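Okay, so chain A shows up in both of these, paired with chain B first and chain C after.
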Partner chain A sequence: MTHVVIENCRDCRFTDCVASCPVSCFHVDELRAYIDPQTCIDCGACIPACPVHAIVEEFDLSDEQRHWLDVNAEAARRYPAIRGKLPALPTAAAKRASLGY
Partner chain B sequence: METNVESGPGTPERPLKVAIVGSGPSGFYAAEALFSSGVAVEVDMLERLPTPYGLVRYGVAPDHAKLKSVTGVFATIARDPRFRLFGNVELGHDIDIERLGAIYHAVIVATGATADRQLGIEGEHLAGVHAASDFVGWYNGRPDVADLAFDLSQPTAVVVGQGNVALDVCRILARPVHELGHTDIAEHALRALKASRIQDIHLVGRRGPAQAKFTSRELRELSTLEGWQLRVDPSDLALAAACQEELADPAHIHGAKNVALLQACAAAPERAGHRRIHLHFHAAPVALHGAGRLAEVELEAQALRGPAKAQQAIGTGRRRRIQAGLLLRSVGYRGTALPGLPFDPRLGVIPNEQGRVLDGGKVSRGAYVTGWIKRGPTGIIGTNRTDSIETVSTLLADRTTFELDRPGRTALAAHLDAAGRRVVSFEHWLCIEREEARRGAMLQKTAEKFTTIAAMLAATELAS
Partner chain C sequence: MPTTHAGDPLVFKGGCPQDCPDTCAMVYTVDNGKLVSVRGAPEHPITRGGLCVKLKDFAQHHYNPDRILYPQRRVGPKGSGQYERISWEEAMTTIATRWKDIIATHGSQAILNCCYLGNQGVLNGLTSGDAFFNRLGATVSEKTFCASGSSTGYLMTVGPTGGVDPESFVHSRYIIIWGLNTLSTNLHQWPIYLEAKARGAKIVVIDPQRSRTAKAADWHVRPKVGTDAALALGMMNVLITEGLVDQDYIDRYTHGYDELKERVLRDYSVGRVAEITGLPVADIQTLAREFASAQPAVIRMGVALERNRNGGQSIRAVAMLPALVGAWRHVGGGLLEMPLWEFPLKYDDMCRPDFIRPGTRVANLTRLGHCIDTFVDPPIKSLFVNNSNPVSQAGESSKLEGHLRREDLFLVVSELFVTDTAKYADILLPATMQAEQMEVMLAWGHYYLTFNEKAIEPPGECVPNSELFRRLARAMGFDDDYWKRTDEEMLESFIDWTSPKLAGWSMQRLRDVGYVSLAEGGTDTRKPHAEGNFPTPTGKCELRTTQADKGNFVVPVWRSMYNEMQSAEPVDPLPYWQPMYECAETNPALAARFPLNIISPKPHAFLNSQYANETIQQQRQGPQTVTLHPQDAKHRGIEAGEMVRVFNDRGSFRGSAVVSDDTLPGLIVAPLGYWHEFNHGSAVNAISSSEHSNLGHAPSFSDNLVEVERMA
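Here is the complex of A and B:
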């Protein structure tokens, strides 16, 4: 089991999750964040930290969301891990509003 | 007094010297934040016990090995050359806060909140009534409670509380011992659990399913224990309008999932041959009865009153009794006052502003807090990382107000040496850890912890 970052993160990348992660399992590219399932300890601290509810426990993924497991695992191998919060993307406010949060 | 108005200590010539009191998650994340700040620092961590990691070692349940693996992160922080552990050193006993404050530029208190809240009802002194935190410490081999005895020969146990600790103790009471036998659970607890005769566990709390604080993950785990069935009265799951409103809030991430899971449990037929965990919502213990030993728990039905998110549980006067010989209360932890530091007895925390200690509203220079003693006993391991980042950022902003020259590490070592204190270093701890793993391997367990300080200290002399 792991936790995964789903579509909501794209164009936001608030990264509040990163500060709350006890094991620094987040990786980022230019648009969004990903969780390394090898490092995540399933503590769930990141879930309430995300302002756009982009983090879901594997168990709670719907069938349509399950492909995010592979996306996160693969991207975590490709992109660097980060240890601290980054500024949100310039598009974050608009994306957040479009999600209704 | 000499201060550097330019920037304060924190250069390679004059490193910022910080003492952190307590080696749980908030202490280690404070060290991590200092190391990644770009400021030249020396960090010394004081720990009362010879063993680090606080509630990760003595709180997290032994069957949650993945959570416990966060100690690997702490060990990496501890191996930083700027770090030193002073284990087996207690604030207020081996050194007082005034002396510590004179040795270091800043002191971060990260001692947590480990005292338990009592129910405050008649009969709480009866044998068979315990703090869940003592039970947790007992199965985790914490030295000060390793000798306690919990009578598991009772057919019925009551657990009071609606948080993850309450669910943890239910799960450890219920989990088949063959699933615990390979963990680092204390051998004395494993033996007692093997002989357990508990058939029914009643989990009791005053609020409703929409307000329960446990996570859906913990509830799900409890609902899938081999040989046990979760029982809920469907009428207990009826949701008033205010509760529906609370569940609709997307920030309330566990509520709706908990209710859905509980509804499924309520609808399931009773399974023959299974033992039972009964979840009682809207019920508060009001008296404990027995002649010297607990025999009955008296509950009063509660009704929720007030607007959404501010509902209060009010007693309805309807009472009933459950026969039970063991009660574990888990209605919250609270911090303990430390000599020489201000304390808010109502909240059980050290008063502070973003981690800066306030004494009677005034800034207490050089003193900081983080973790549960700062914000109260809420949140999980990762919450402490955010919290410690805040405290360290406050501390660094105050750097210009610190005196330039503080002796730091050498003066602490000299003070403890003069006092004849036996200090446990991180390398010593690694000896203890290795020895515990070796003891565990002989029992097919991940570790068999030492449960006395003397045995821990003896292990530091092996192999190093």
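Here is the complex of A and C:
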């Protein structure tokens, strides 16, 4: 089992999830965050931390969202892990508003 | 008290009830009387806003439709699960009538309480029934499921000290996690290790299996199961022969070094220890050298160390290492076992050992089936189970189940759910879940005392253990003041508010703030044993214990504060290693029939057997697995994913084969906690023996031989 970061994170990258993660399983690129499924221990502490509801437990994914499993796993190999919260992206407020949160 | 804003949901302070070192501070959110969420308290230095996979759906767990909501009486055969609702009054009358009859015929010691840490509260936890059963004159139960062997070994070595504050580990430069899967069972300590690592610490895990934690460590050291004492003694050999000890610290603050040194040099050469542990000589040397040189060095001891024949002496040997290298001189250097020792709780007032009649016998609960089997004068005629599930957690579970099916064994179970044990009950009583009761939580993995506010009304007719025993006391005609107090009054008197650790604190302040740290000295300055001050008879770290004369004992907190009728087997005052009970060297005939050792680690998504009845947790945990090393699997023609049967003369269980070198050759791994009804009618403790480790009556759950076969 794992948790995955879905589309909502793109252009926000609030990274409150990172501060809540006890195992530092988050990786980021310039647009968004990803979860390393090998490191995630399923505690779910990140889910309520995300202001845009971008984190979903594996078995709560809809069929259309399941491709995020591979996206997260691959990106986690490619991009560096981070331990602390980063400033949100300049586009975050607009994206959040567009998502209705 | 709840924080309220007009129209908003109510927010209450909670404390996690589970038997876990982390004891999280929680936040209950209640909307219209319904618990809608339970989260980790964001400001708490250990909890840091997150709970864990087990507690993820804790709010919904309160509303699980399978909760026992009313007292019930068995109407079908034992184990059939056929019950009818009765009133509390009828339940109490039935129990009191049966017990009075048993007492008249067999004496009060024919009654036994089986209670453990299904709830870890001061009021409703380990000791919740002690005063009642002591007053009743029941056989005293010895509750040694977890950490009792560690307790005896630890107290014989360093005394009842809390050791290193877990928050001080950020200052450590060398962290050995010995026999503990932090990521599954001590999660909230991990971010502290990561911070230490960011500051330059090396994290070493010692564990035969490649656990989640071992995979995340800088170095995984994999001794054979049951050889930890030998490894520690081998490390000592390196420290002594290479002049890496802190002789000044040893001279000032340890007792018995010369005798220890003589034994270590005589019996535990690195070559012999390499043979015993299966580790390369170079690894033992490196471990010892790094531990000595990379100060502050610290050891986090796990309970797994105690679960084999060598258990208590393993704890002793490991607990000596920090003193030998002077690690205690530094902030973040030394040892962490259980800060519980420093909690200012008035156990005698909680347990009332003064009620116990002289000569009362003792039954060890980890071998409950064996005790019921062998106790004859009088036989056990009634068992009262609360906060525990012995069919899942005690050794020889098949033998125990045989007894629980007996019509003449009157079984009363107070529970949340109809567990593998509760299904045999004659009378079922409905227990509250944590948000439904007031409680103060003790902790054994950190220094915080945590208040848990009652946030919602209990469903149906559920009551906390405190109220359960008030009702039982009334039914039995006990007129003592003990049971005339409210929960608040009991908590007030069970906690020693005059302790310097609670200076400036009161119940009201604890309730307002939610938690208080009992660690004296700051996280960044605390060095509890920089100058000795060990709470032992000599005031020193006792390499040769001065407590061997009285023989083996269980620390009274694990036996209702009763200190009579201790088993007092002879104790070697110096640590040693010997081959496990169940291995080819000790018992070749048994090993010929059952050639594999087995360990049964704690599951990731269950808390022992708790939460293992939740479908969502079953999904998160996955089905029962049996991990075999590839060469053991090949030898038996077992392929990954096949159903296998694990068995010995005591019993059997089934699981899905995992073929992986995550385990060592000759050792299989099967997580604990699966409910029999969801697991082909059995689980791992069906194969476990009733033997104890060499100190403190720890169960030898990691010292069992089995065979594995593919299901037809």
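The working rule: the second predicted complex is superposed on the first by the 101 of 101 C-alpha atoms of A that agree within 3 Å, B and C clash if a C-alpha of one lies under 4 Å from a C-alpha of the other, contacts with A are read in each partner's own complex, and residues count from 1 in each chain.
As a convention for this text, a residue touches a chain if its C-beta (ideal position, glycine included) is under 8 Å from a C-beta of that chain, and two chains touch if they have at least 3 such contacts.
Note that the coordinates shown come from a computational prediction; the quantities given were computed from them, not determined experimentally.
Contact with both chain B and chain C is seen for A:23 once the two complexes are overlaid on the shared chain. In the superposition on chain A, A:53 contacts chain B only, with no contact to chain C. In the superposed model, A:83 lies in contact with both chain B and chain C.
Comparing chain B with chain C, more residues of chain A are touched by B.
Once chain A of one complex is fitted onto chain A of the other, the partner contacts of A:7 are absent, as it touches neither chain B nor chain C. Judged by the touch definition given at the top, the superposed model places A:74 against neither chain B nor chain C.
Using the contact criterion defined above for the overlaid structures, shared-chain residue A:101 touches chain B, although it does not reach chain C. The residues of chain A shared by its contacts with chain B and with chain C are 20-24, 41-46, 48-49, 59, 83.
Taken in their complex, chain B has these residues touching chain A: 25, 29, 36, 66-67, 69-70, 73, 215, 217, 220, 250-251, 253, 257, 379-386, 389.
On the side of chain A, the complex with chain B involves touching residues 19-24, 41-49, 53, 57, 59-60, 83-84, 101.
Of all residues in chain C, those touching chain A in their complex are 37, 39-40, 48-53, 56, 183-184, 187-188, 190-191, 194, 198, 212, 216, 604-605, 619-620, 622. The touching residues of chain A, counted against chain C in their complex, run 1, 20-24, 39, 41-46, 48-49, 59, 83.
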